[in-house]
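One chain, subunit A, appears in both complexes that follow, with subunit B as partner in the first and subunit C in the second.
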Partner chain A sequence: MAVVQDHATREGCSSSPFWTIARRDSLAGFLFIAPQLIGIVIFVLIPLGLVFWYSLHEWNVLANTFTYTGARNYQMLIEDTNLLEVLGATGIFSAGLVVFNLSLALLLAVLLNQKLAGITIFRTLFFSPVVVSLVAWTIVWGFLLQKNGGINGMLQVFGIEGPNWLREETTAMISVIVVQVFKNVGLNMILFLAALQGVPNELYEAARIDGAPRFKQFRRITLPLISPTILLTSIITIVGSLQVFAQIAVLTQGGPGMSTTVLVYYLYQQAFQFHLFGYGSTLSILLFVIVAVLTFAQWQMRKRIVFYES
Partner chain B sequence: MKAELSPRTKTALYGLMCVLLIPFVFPTWWMVTSSVKPISDIFAFPPQLIPRSYDWTTYSKVFELQPFVQQYWNSAYIGAVVTIGTMIVSSMAGYAFARIKFPFANTIFMIVLLGLLIPSEVTIVPLFQMFLKAGMVNTHWPLILVPIFGAPSVFATFVMRQFFVTLPSELEEAARVDGLGRFKIFCKIALPLAKPALASVAIFTFLHSWNLFLEPIVFLSSAEKFTLPQALTQYTDAYGGPMWNIQLAAATLTALPVLIVFIIAQKQFVEGLAHTGLKG
Partner chain C sequence: MNYHSKLKSAVAALAIAIPFGFAGVANAQDTVNLRMTIWSANEAHLKLFNEIATGFSKDHPNVKLSYESLPFDTYTTALTTQIAGGNAPDMAWIFETAAYDFVNSGALYPLTDTLKATKGYNAEELSATAAERWTKDGKLYAYPFSTSPFAMFVNNDVIKAAGAKTPAELIAAGQWNWDNAIATASAVGQTGKGGLIVRDFNYQIWQNLASVWNGWGASPWSADGKTCTMTEKPMVDALTFIHDAIFKKKAIPGPGENVDFFAGNAAMTITQISRASLLPKDKPFAWDLVPLPKGPAGDYALIGQAGIGVMQAGKNAKTAAEFVAYMTNPENSAKLSQFFPSARKSLLNAEVLKKTNPLLSQEQIDKVVIGGIATGKVIPGHTGFAQIQQAVRSGLDAVWRPDADIAGTLQKICGQIGPLLKR
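Moving on, here comes the complex of A and B:
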């Protein structure tokens, strides 16, 4: 209100000073968000514009050439036979990760939600990999997964000949997924646990009186009530899965063949190993589009899937 | 809570949880114990769950082969600066978005939220060019500036906003009547109440910085500038194969301090993260 009035009375009328409370508040608001907004402009929006601009160029860093080629990089993208494999690997990795991560997180949260003595100790231990340095965690798993490593050693004790986990296509993909899930599932587990503890107890009591079995209680009461958390964790987990880089770089370097070359790793190779910054930028745009579409789609799904109390 | 469980169910649940714990706990145990085994024992069959003999010279090699103390310091100070910087930037922005009415607030909030959609991997190529032009490649600036002000801090801002939205407005109105300005209200009233949210922002910001891998290997090229994750992978033999015992020793040195801090403060850690306002 004061903002509108002020415009008319700015000059001449000394009884209404320029710095009204509303104006001072607006200024404060801008100053408070300034560091974040300027940061987003410099480190996100301008780079996003640049990455699109670069994607229209052929840019060889070694030869120091930067030529406008229009949509040629995008045509290259369509014709890139490796890309199908890369997208396939990315899809399998992300889907496997999300399904395995969310179901394990939910199982652990349900277990930790039981009335048992010493449950905090279990919670602490299940969560502990989250705070272990990512590369340290990956290195020890890489060590465990060697042909003659700890896992095959244990299997051999039981007379089972284990595969060379990181050198065969299927097991390599399973390995990178599993290593990542155990590293981070604790985060989702905690979010699920908080959601489970927020489900009002009376609902279960009422269901028990009606004689509903536990499984039905879980499906009809628990799942709908924690659905906002499921949606949120699945968005975070999917977007996170598309950013996985260190595990691939340390465990498999994208191999064997290209079986674990996910999009970010491919992008890194093209831009920083083969010095094709133009094509690397085109792949960045592709990554951006995938993240945006998936997030948007999941956000739309919330209307249909998520149950609201109100 | 739910009805009391029968003793049999309890035993079954404990058993199930113990089995499930193996992949969460065993790798850390294996890392620590393997790092002190002599090299001849680390691939021994049957696997030695408890080392039979010890070889501590591996640990001195960690420091001989690379400037590991320097690298440790790099990771630690970058993590600390990024954490404090993010707490300042995100609490201010989160507060303004939640509590201050200013023109275009919603539009600006949407623009800022775009950062969630644009992970730093998408912009790594232009960021590299920008820092190259600014003469900041092979310095720690990219690892400090981008997380504090760029996309990674947006999540923190979102969490802070979700927290500040829940504060009752009477508190601020009372302060206004007492003649406090915005900045004072923020510092003296809002921030002290926001300690749980700030704690969780601090935890995940530090872990994010501590774990960064793509950015260091893109921006840094000399060993004394490396951060820990990058340094760990550099203990390789002449053929590029990993020197397992040394890598595991360096990994142990990297992982254990944070793990110990976590176990001491696990309650604050876990409950802090659970109450980030993510539920809403």
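Moving on, here comes the complex of A and C:
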């Protein structure tokens, strides 16, 4: 009897139950993220696969033909004489947007990080464009930026004859950048504000005791301590800048010439206006690669620029 | 009734009832829903279309019709997106500029046989020139339900206030030509009001400038559509004339300047006659409608068209073609012509047009509408037009500057669109 019991005990020890605590925890974890995961599969991964599939085909919507063409669309991409100009415009837009947006957001955050009466009103005021409809915002700016629009009307009061903002190459690009920055600067400002408020006061006190001037405090204490937020906002802003569409479609339609034809707008033209869905998909793949490379590069750079990372 | 009798009765009842049941299913299945995409959201237009749909449903009780208004500016893009998404409408309005794309691609169901088979349709009276763009290999692929000439609306109050000659005075003196028209527009432009507006051009829809450059005999490409002709003298001269009118004479509002003729803020506007409905009723001004001025190449006219096509991709193409035949039969064409001038010869007479266009005088109808439709060329169009349109629009941006090199720019544009034209 004792032998049998011993055997049974040993058997019970060797065959552990399937639902261990670790497995149960991971199942619970997967169930929690399942709704998001299903969404990503349906709305991101499957479309991504389909776009790649389409990029290997010539899809004539009107003739209802879908022909496998192999790498021909990629060949077209290399030979596209407009592409360099489009990438140039995209680069200028992104660079301008990131620099202007982050600098302004940080400046506003520093200014609004004060304990003053009514400061919340200003914070709300600067954040409010973020919640305004993008198209409505852009249409209003479109009117303001006309040659005989509101901006030039105001300049005229001071005796300045304003340019034809949306019809000259340089001013058109500046206008599109500024409209986009004013729309979204509030979001980065709030993120910076939160980061600034997380910087321990004792560090500033110690610096003051050591006689460090305000700018040095900002450079040596504030910037390093908010560097994770700087990394986050720069990634969000760069990725966002590469996806700009509505502002271009409403304000300039990519003109004058092709000066504001950024990659997403060019992709839209090819696919939806010229009915070249295959080539449009190829441009989407290019955009995906650019976004992926930039994000990866920034992520790698965090070791150098982010204070918290080792 | 014994068991067998009951069973027989039940079987017989079922035998009678089942076909009715299936008939019910069949009726439900036979309901045909037809959808037509249009670019008008005008209430009066929709009221008339619904009346026509109701009329068709009387003979086809299983057919239900609906109209889907898509935004004018992005109409073709929205339509092709629907097609790409597998949600093609059964019927669609098609712009004249996109006609070649739709007709040549095989996207449309041929209408000729259905129209000919429709009793009392009288397909022969459709003007051959009006049907040209919508026909391929002798078959009509979309019905040009609107053939609307471009003309010049005039605000005589503004012109007289500027001390210039009105177009009516110039016509009476036999001096209605582009030089004098621009002189009048310039005089008004100097007062701070707008001179001449080519409506919808807006420095983007350049094909509307055909309403001016046709007067020079200019054309963006050759008749066979294969060669760019923008570098030829008529086009260079015409664009130089337009450029001077904008930047030297201030006769045409410049890029980025928005002026509305129908709000009473400009001397003249070139647009289609159907825009007469925009004339103000609250604060009316003394308006006139005159033919386009004579150009160096003589008198000319320009027409815009819209076609109705049946999509091959639709599930009920045959029924949709029957509806198009009903919608455009002589009786309904007469009703439609109050908004959309018909290309049916029987409807192109002053008596009919006066009834349907009460705002226009007999003289305006004779000279502008009938004369325009009879002699007018259709707005430029081409296969792959969207791509060509974009390339030319982008290129012409360099012309809309005070210091433009017009000939050089046109050379560049031809370099850009040359390969596209040859496709």
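Here is the rule we use: the second predicted complex is superposed on the first by the 273 of 310 C-alpha atoms of A that agree within 3 Å, B and C clash if a C-alpha of one lies under 4 Å from a C-alpha of the other, contacts with A are read in each partner's own complex, and residues count from 1 in each chain.
Simple rule for what comes next: a contact is a pair of C-beta atoms (placed from the backbone, for glycine too) under 8 Å apart; a residue touches a chain by one contact, two chains touch by 3 or more.
Since we're looking at a predicted model, the values are computed, not measured.
Undergrad: Once the shared chain is lined up, is A:141 touching subunit B (first), subunit C (second), both, or neither of them?
TA: first
Undergrad: Would you check which partner chain A:277 touches, where first means subunit B only, second means subunit C only, and both and neither mean what they say?
TA: In the superposed model, A:277 contacts both subunit B and subunit C.
Undergrad: Tell me the contact category for A:133 with respect to subunit B and subunit C: first, second, both or neither.
TA: The answer is first: A:133 touches subunit B but not subunit C.
Undergrad: Under the stated touch criterion, name the partner, subunit B or subunit C, that contacts more residues in subunit A.
TA: Of the two chains, more subunit A residues are contacted by B.
Undergrad: Report for A:193: first if it touches subunit B alone, second if subunit C alone, otherwise both or neither.
TA: first
Undergrad: Have a look at where A:258 lands relative to subunit B and subunit C in the superposition and call it first, second, both or neither.
TA: So A:258 only meets subunit C here.
Undergrad: Touching A:96 in the superposition: subunit B (first), subunit C (second), both, neither?
TA: Neither subunit B nor subunit C is touched by A:96.
Undergrad: Using the superposition described at the top, list the residues of subunit A that contact subunit B and also contact subunit C.
TA: Dual-contact residues (subunit A): 146, 148-149, 272, 277.
Undergrad: Going by the contact rule set out above, which residues of subunit B touch subunit A in the complex?
TA: Those in contact with subunit A are residues 1-5, 10, 13-14, 16-17, 20-21, 23-25, 27-28, 30-31, 34, 43, 45-47, 88-90, 92-93, 95-97, 100-103, 105, 108, 111-112, 114-119, 121-130, 145-146, 148-151, 153-154, 157, 181-183, 186, 207, 210-211, 213-214, 217-218, 228-230, 232-233, 242, 244, 247-248, 251-252, 254-255, 258-259, 261-263, 266-267, 269-270, 273-275, 278-280.
Undergrad: Once bound in the complex, which stretches of subunit A touch subunit C?
TA: 59-64, 146-149, 164-167, 253-258, 261, 269, 272-275, 277
Undergrad: Can you name the residues of subunit A that touch subunit B in the complex?
TA: Residue positions touching the partner: 3, 22, 24-30, 32-33, 35-40, 42-48, 50-51, 54, 107-108, 111, 114-116, 120, 122-137, 139-144, 146, 148-150, 153-154, 156-157, 178, 182, 186-187, 190-191, 193-195, 198, 201, 204, 208, 228-229, 232, 239, 242-243, 245-246, 249-250, 264, 267-268, 271-272, 277, 280-281, 284-285, 287-288, 291-292, 295.
Undergrad: Quick check: in the complex, which residue numbers of subunit C touch subunit A?
TA: Going through subunit C, the ones touching subunit A are 76-77, 80-81, 83-84, 101-102, 105-107, 203-204, 254-258, 312-313, 384, 386-387, 390, 393-395, 397-398, 400.
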